[in-house]
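Structure below; questions to follow.
Chain IDs A, B and C follow the sequence of writing; residue 1 opens each chain.
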């Protein structure tokens, strides 16, 4: 196995990891602030992908604007999901919230099938993004580079927002202790909504990236990446944004290396491998790599 | 002080049921009969999930995984030996030579599911709440992947078809009765009370000496057994079995039944199973004629969310309707 | 300033406050005493809006000649805005945030940056230890330091009424003395206070007036001097004669 092959796998892993990381951040942020798994998060990715496809191909919107639309769509979906499914569940047992978000996810998927049919659609990018760059033995497309760079920019932007702004401080305080945050005058409804919006806008733009990377999208697209990003968030430590980023890259790299380096007979077991890892981590290291001990919040 | 089942109700139910089966098989057409069979299978699924989820408050999405195990084991066992070597040439010889009648095959399928539940449960049931739910979902996916890839035994994604059509009301009805009986017995036994205690307040239950872990594992295994049997019945009703038959959507649908009926209520699951199957049958032709696939699922998800917000206890909460329980006082 | 009129409060299905009435006059320190489970914390949480009474009113007026309004059903954010600051039981310090951020979050609702900075300096002058390592994570501080941080944080909203839940909890006696001296000083600067204390000696020493709660009802009230001399109080809360 040549060094060039391994390097290529690493690059692929980083690209995949960037996308997982963006979605995982959203999971972690939402879990951090309301202690509930948003199962519908993966479907926000799907909606982002379809909305951008529609805008780009049907309406003919220029590409950079499409990216902005992806962010906006994601944020809007996050707010809708929060208001519709999560806010009514506040105070209910943990599992109830989980079933509710599962229901939302299934509803979104089937709405997608209803409106768009299950047919996969081709995702076409402008030609200048499809160009292939070669660096030594490694090759990738311009779009791949864009994915990695924009993911980094978005992650840095988000971390800046969370660490240095007033809203970010409110989010961190609310995530730690909801009642005391209220005693500070923080409007927790708005803070939670903002968290959903921010986390979901990252998922929205991942949808655009997903379409670009894999070329094909369908309404059930959100399920597997959503679940895998959840695994990534758990690996890194749910509730921790740096953890989610770390987990995303670890998962992306492991998945690609698993398929790329093991004999082909094992690649079909890739998904089983991912979920076995999840179960192991939940059992042995539930706080993940960077997570803090989170008390249960009803 | 205690609650005692009205002693006549259960035998009456059985007699009524037998009469119903006799009449139905004589008068109704095949299509409706198959729907009634589905009703029975879904009742078994819902009630058995209640044993696992509802009584103990565990939350398992892995039920279809156990169905798959039971279904495939039963199918492989009942498959005529000659056809087995044709369709599954790579199957180990000792297995290819076996051909068993339906009943033992069902039992073995259920037992295999149960044993799997024990193995899976020991690590996984240490988790709680939504982490447990996700882990059971992972289990489901792992089972699917394994089935797809163990082609010598299962024929992979193509699945097995041409299964003998053993299932009919004379098979389904007794299994429904057994499932109801077992879950009723469990719920109203001291064992069942310890399960409910675990669900209501774990710490208190522990203080009272309830062995949490054993309670969980046993309820998990019992639920899995009936899910496995349901899988076997299902396979031989539809005459085919594929990895895709046992999906997360199915897991979700069973959960909807349990929640709508009332988590912890056997009668609730019974009624919900009937409602659900009938609604599905109404929606299927509707979706086809309107070309609106997915409509039924959307509505079901919506109904679940509404119920969770406004009436999280479902139809019956965790109780049974009064006329089934005769209060001694 | 604050007048609680016959409030009945439930926590879940438990009937905790069974008709509490009390008053806090402008500029006073009022102590709320009683055993565990009497309902003292519930009372404070109802005032700050985290809980809502089933019946009764809580009237509050920021100034003597201003009209009083019923705050019993107003959101906690609004109540903070009106000048009530609640220093919660167990300090409630944000352990993931730094010392400086904890103080700043206390001033979350304020817009007047220069005044906020002035208050920040004042708090640091009152509790010099907070100035030493402003970027330290609050969770790594000792109990006494966290109490100072929590108190400082409450002051950052420039409150008119400060309600404190068990400020002495878990602190060494010399620290308790220091904190209570600080509270007395803050009071002389014009902040009205309502404090819940299990340490009845300290509470009565600091306060002008006091109430004693028992299983959700006020059983005694009066000036702290009177209560300190009351035999029943002495036996139950002050360690007997």
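The criterion applied here is as follows: a residue touches a chain if its C-beta (ideal position, glycine included) is under 8 Å from a C-beta of that chain, and two chains touch if they have at least 3 such contacts.
Please read all numbers here as calculations on a predicted model, not as lab measurements.
Measuring from the average of all protein CA coordinates, the nearest chain centre is that of A.
Across the two candidate interfaces, A-B and A-C, the one carrying more C-beta contacts is A-B.
Distance between chain B and chain C, defined via averaged C-alpha coordinates, is recorded as 55 Å. Averaging C-alpha coordinates per chain places the centre of chain A 33 Å away from that of chain B.
Rounded to whole angstrom, the centroid-to-centroid distance between chain A and chain C, based on C-alpha atoms, equals 43 Å.
The multi-chain contact residues of chain A, meaning those touching 2 or more other chains, do not exist; every residue touches at most one other chain. Here chain A touches chain C in the complex through residues 166, 169-170, 172-173, 176-177, 179-180, 182-187, 292, going by the rule given at the top. The residues of chain B lying in touch with chain A in their complex are 57, 59, 123-124, 126-127, 129-131, 133-135, 137-139, 141-142, 145-146, 148-149, 248-249, 252, 255-256, 259, 292-295, 297-298, 301-302, 304-305, 308-309, 312.
Per the touch definition, chain A reaches chain B in the complex via residues 36-37, 84-85, 88-89, 92-100, 102-104, 106-107, 109-114, 117-118, 223, 227, 230, 268-269, 271-272, 275-276, 278-279, 282-283, 286, 296. Across the complex, chain A is touched by residues 48-50, 75-77, 80-81, 85-86, 88, 92, 94-97, 101, 104-106, 108-109, 153, 157 of chain C.
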